[in-house]
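The following blocks contain the structures, represented as C-alpha cells.
Each of the two complexes below includes subunit A, the first together with subunit B, the second together with subunit C.
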Partner chain A sequence: MAYIKAVGLVRVGRYFDRSYKDLALEAIEKALSDGGRPGYVVVSSMMAESALKQLDIGSVLTEWLGMTPVPAIRVEAGENSGLAAVEVGAAIAEATGKEVLVVGVEKGTEYPTTKTYGDYSHILEWETETVRNVRPPDLAALAMEEYMRRYGVSREELTAWPVKMHRNAARVPHAQLRFEIRADAVPAATKISGSLTLLDMFPIGDGAAAILVSKERGDSPIQVAGAYASTGLRYYLRDDPLHLAATAEALQKALKLTGGEQAIEIHDSYSIYAYLILESAGLAPKGRAPAEVDGMEWVNVSGGLKARGHPFGATGVYQVAELFTLMTDGLGGRTYTGEWGVAHGMSGHDGNARVVVLRRV
Partner chain B sequence: MRPERRAGIVSWGTYIPPRRLRAAEIAQLWGFAPEVPKGLWIEEKAVAAVDEDTVTMGWYAARSAIRRAGIDPSQIEAVFVGTESKPYAVKPSATIIGDALGVNTRKLATDMEFACRAGGEGIRFGIALVASGQARYALAIGADTAQANPGDVLEFTAASGAAAYIVGPAEEAAAEFEGVVTYVTDTPDFWRREGSRYPGHGEIFTGDPAYFHHIMSSVKLLMTELGLGPEDFDYAVFHQPNGKFPLKVGKRLGFPKEKILPGIVTPWLGNTYNGSALIGLAKVLERAEPGQRILVATFGSGAGSDAFSIIVKKGIKERVKKAPTVEELLQSKVYISYGEYAKHRRILHRNVGG
Partner chain C sequence: MRHSIPIYWRSRSSHYRLELTKCRACGRVSFFRRPTCPYCGSRDVEVITASGKGRVGLATKSFFRVEGEEEYLPRWVALIELPEGAKLLSEVVDAFEGVSEGDEVEAVLRRVSSDDPYGLIYYGLKFTKRVL
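Here is the complex of A and B:
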C-alpha cells in the first residue's frame, strides 16, 4: 500500500501568461514544500500532443524541474488520465519503494475553443463517433433526454446538481468558478446540445495538481487503499445508456471497501452524468438522484468538474489532492473526519472508469 | 505644460449607413441561441451598401465635420484615415478623401492601421501637428466596413460607419484636449493575415489580456498624470466591440453606468471598429454642456489604447446643429434581410461578365 505524503494545487483558471511548466512547477513546489525526494515522476496530460505540442512530456518536465536523471513517464487515458496517473504512481511506489511525484497538468485555453473541443472530442472513438461529428456533450444530451423521458423528470429538476456544485465551489479557493448560480439560469443558458446548456457542463480551464506518493508511511495520515478500473462500451453499443457499467463496476468495488460511508468526488463533466454515476453506483435510486443530491453532504465538496473546473488530464490528480485536503486540513471550510475518501473519474460516456480509494490510517 | 492643451476638437462628423441587420436574424441563420446576441448586448448593426466603403463613409463624416467647423477645407493640412478595411491594399484612402473635400495639396496624408485604434492615433498625430505649429487643422478619420467570418460570433457586431474629427488650435475648439496617453504592447488577440478575407481572434483572450488590460492601463496612466479620478469626469466613452464591454471596463475603473451609457452606440449600430469609440464620443459631444469633462479610451487589437481627457467649451451647441447628429443617423434606418446583407457585403461570390 502506498501513502500520500503531500499535495499541491494551482487554482484552475485561464493562464494566458504562463506555460504548462510554470503551472506544474507551482503545484510541485507546494507538494514538495516540506521536503520529499521523488525518485520517479508520473505526468498526466490529456492534450500534451495537441495543446502543448509535446510528446515525452514526462522527461521534458522532469528536466525542466532540474530533476534529471529521475525516470519519468506520461499516462494518458482520455479524460480519466489523472486518476490513471495516480493508479500508476501508487503502483510504481509500491513496486520500487521510490517516492513518486504524480503531476497532472493541462492547458485547455492554449487555443480557441473550437480547437480545444475538437481535440477533446477525440476521447470518443474516432472511426465510429468523432468522425461523424459526435462530440461528448452530444452523448450527454442524448442520455439527458432519455433520463427525462424514462423517469418523468423535468428539465428544471435537473438543475439541482449545477446549483449545488457552484455553491460548493464558491467556498473553495482553487476553484475556477467561485460564484453561485440560480436554478432558473441553467435552462436559460446558451444551448450546447439538445437541452444541455453551458451551465450543465464544465468550463474549459488550465490547471496543475501534484501529489507525492510513497511506500513508506512516515507521518502520512492517508493511504491509497485501493484503485479500481474498468472499461465500457461505446454509447451506441449499450443496452441501457443510463447505466454506466464501467463506473458501476469500479465504484461498487470501492464502496464495498468503504461500506458506503465516504467523502466522494465524482466525474460530473455534464450534470446528467452526476446523476447517472450516483445511480449506477447505487448511491441513489434510479430516477431519484436529482431529488436527493441536495442532501448529500460529502459529494463533490470541491465543486466538481462543473465549478472547480476540469483541466482534463489534471482533474483526477485534483480530486485525490482535494480528498486528502478535505480529510486533513479541510477544504472550503469543511473537514471530513470519516475514514474513507473516494475519487471517481471516467472518460466520455463511461468509456473508461477509475476509482481511487483513500483511507485514514 | 502638456502640448496637447494647445489643441482641441474644432468639429466632428459621423456617418452611419442606413441599412440595418437585426442580430436575431444572424442568430437564427447560423443556429445561435437567442441568448448569444443578448449576452453581447447587440440588437442590430449598420451595413454599408455595395457602393459604400471606407472612403465614401469617411468622406461623408468629414464633410459634416467641415460644415460644423465652418472652415475652408483648403486650410486643412493633414488627413489621416484610420481603418482596417481600406478599399485598396495599395493606394491611400486619405488622398481620395482629401481631394474630394478640397483639402490643401500641401498636406500630410496617410492611411493608418492598428486594428480599431488607428483613428484615435490619427487624432494624436493631429494634436502633435497643431500643437507644434506644423498644421493649422488636421483631419483624422476613423472608418471601417468591418469584416467577420460568416457564422463567427464576430458577425453579430462587425458593422460599418465612420467618424471624422478636425483638430485645430485650442482657441477655436469646441472641446479642448487636457491630456492624452497611449499604452501599447504586443498582444495577439485579433488579426487578419495578408490575403485572408476575414479576421481571426483569440476568443476570451480578446477580453482580459487585451481589451480590459489596455484600456484600464491607458486610463489609469491618464488619470495619474492629470491627478484626476472617475469622479472628475462627466462622461466616459470606451471602444465598444459590443454593448457589454464598455460598461464592464467602466465599472472596473470606477465609473458609474450613468456616465458611460450616453456614449454607448454599439447595441444599435454594431462595432464600427475605427469608428466605434469616436462615434460614441460624437454622441456625447452632441449633448455635453460647456465645462464638462469627457474621458475617451480607444482600443485596438494587437494591442493598444489611447486615453484622452477632453473639456467641452462654449459654443459647442451651435456646432451640433450644423450637421446630422449621431442620434439622427441612428434613427434613420431601413431593415434588410441576411440575404441582402450578404449581397451588399459581397459575401456571395459570383462570376461577373462570363
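Here is the complex of A and C:
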C-alpha cells in the first residue's frame, strides 16, 4: 500500500498570463514544501496534444523543476486521466519504493471555448460518434430526458445538484466558481442541449494539482487503500443508458471496502451524471437521488466538477488532494473525521470509470 | 487541414451505407462494421446492411458550439432505433418542426463536416423524417 505524504492545489480558473508549466510548478512546490524528493514523476493531462502543444510533458516538467534525471511518464484515460495517474503513481511507488510525484495539469483556456469543446469531444469514439457530430453534452441531455420520463422527475427537481455544488464551492478557496446560484437560474441559463443548460455543466478552466505518494508511511495519516477501474459500452450500445455499469462496478467494490461510510467526490461533469452515479452505485434509490442529495453531507464537499471546476486531466488529482485535505486540515471549513475517502472519475458517458479509495491510518 | 483521406476512406462502407454487425454467437446486432461483438466478445460476426429505416427513441436539440460548426446549430441529435435490432446516435436533418419520440425516419447521405473553405468534405449518414 502507498501513502500520501503531501498535496498541492492551484485555484482552478482562467490564467491567461500563466502557462501550464507555471501552474504545475505552483502545485508541485506546495506538495514538496516539506522537503519531499520524488524519485519518479507521473503526469496527467488530457489535452497535452491539442491545448498544450506538448508531448513527453513529463521530461519538460522534470527539466523545469530542476529534477532531471528523475524518470517521468504521462498517463491518459480521457476525463479519467487524473485518477488513472494516481493509480499508476501508487503502483509505481509500491513496486519501486520510490517517492512518486503525481501531477495533473490542464489549460482549458488557451484557445476559444469552441475549440476546447471540439477537442474535449474526442473523449467519445471518433468513427461512430464524434465525426457524426454527436457531442458529450448531447449524451447527458438524452439521459436527462430519459430520466425525467422514466421517474416522473421535473426539470426543476434536477436543479438540486448544481445548487448544492455552488453552495459547497463558495466555501472552498481553490474552487473556480465561488458563488451560490438560485434554483430558478438553472433552467433559465444558456441552453447547451435539450433541457441541459450551462448551469448543469462544468465550467472550462485551467488548473494543476499534485500529490506525493510513498511506499513508506512515515508520518502520513492517509493511505491509498485501493483503486478499482472498469470500462463501459458506448451510449448507443447500452440497453439502459441510465445505469452507469462501469461506474457501478468500480464504486460498488470501493463501497464494499468502506462499508458505505465515506466522504466521496464524484464525477459530476453534468448534473444528471451526479444522480446516475449515486443511483448506479446504490447510494440512492433509482429516481430518488435529486430528492436525497441535499441530505448527503459528505458528497462533493469541493463543489465538484460543476463548481470547483473540471481542468480535465487534473480533475482526478484534485479529487484525491481534496479528500486528503478534507480528512486532515479540513476543506471549506469542514473536516471529515471518518475512516474512508472515495474519489470517482469517469470519461464521457461512463466509458472509462475509476475509483481511488483513501483510508485514515 | 483537419481532415484525413485514409482515415475516412478506410471506413467508407460504414459511413456511406448503414452497416451493422450481427453476432452469430449471441445474436445481438450493433451499429458499424466491427471485427468483434461488443456484447459477448465473439469474433464470429457478419456485417449486414440495414434497410435505412428507423424510429426516433429520444432526441435533443443541441446548441453545443464546436469550432467550425457554428453555422449548423442548432442540431437535432437522436437515438435512432433500427428494425434490425441496433441503435445508433445520429443527426436528424431538415427537422424544421422538431423531432419527437416515435418519429419515423430514414437514412440520407449528407455532409458531416469539411475543411472549410477549400478543403476536404466528409459525407456520412444522417436521418430525415420519412414521408413515404
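Everything that follows uses one rule, which is that the second predicted complex is superposed on the first by the 361 of 361 C-alpha atoms of A that agree within 3 Å, B and C clash if a C-alpha of one lies under 4 Å from a C-alpha of the other, contacts with A are read in each partner's own complex, and residues count from 1 in each chain.
By definition in this document, a contact is a pair of C-beta atoms (placed from the backbone, for glycine too) under 8 Å apart; a residue touches a chain by one contact, two chains touch by 3 or more.
No experiment lies behind these values; they were computed from the predicted model shown.
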Checklist entry - So, A:K191: does it touch subunit B (first), subunit C (second), both, or neither? => result both
Checklist entry - Regarding the shared-chain residue A:D17, is it in contact with subunit B (first), subunit C (second), both, or neither? => result first
Item to check | Touched partner set for A:T109, first subunit B, second subunit C, both or neither | outcome: first
Checklist entry - For A:G118, is the partner it touches subunit B (first), subunit C (second), both, or none of the two (neither)? => result second
Checklist entry - Is A:G309 in contact with subunit B, with subunit C, with both, or with neither (first, second, both, neither)? => result neither
Checklist outcome for this item: Counting residues of subunit A touched by each of subunit B and subunit C, the higher count belongs to C
Next on the checklist: Looking at A:G8, would you say it contacts subunit B, subunit C, both, or neither? Reply first, second, both or neither.
Outcome noted: neither
Next on the checklist: Contact-wise, after the overlay, does A:P137 reach subunit B, subunit C, both or neither (first, second, both, neither)?
Outcome noted: second
Checklist outcome for this item: Both partners, subunit B and subunit C, contact subunit A at residues 112-113, 190-191
Item to check | Residue ranges of subunit A touching subunit B (in the complex, touch as defined) | outcome: 14, 16-17, 109, 112-113, 188-191
Item to check | subunit A-touching residues of subunit C, taken from the complex the two chains share | outcome: 8, 11, 14, 30-32, 38-39, 58-70, 72, 75, 77, 79, 87-91, 112-113, 122, 124-126
Item to check | subunit C contact footprint on subunit A (complex, rising order) | outcome: 112-115, 117-118, 121, 127-129, 131-135, 137-139, 141-142, 145-146, 190-194, 196, 233-237
Checklist entry - Once bound in the complex, which stretches of subunit B touch subunit A? => result 33, 35-36, 39, 201-205, 208-209
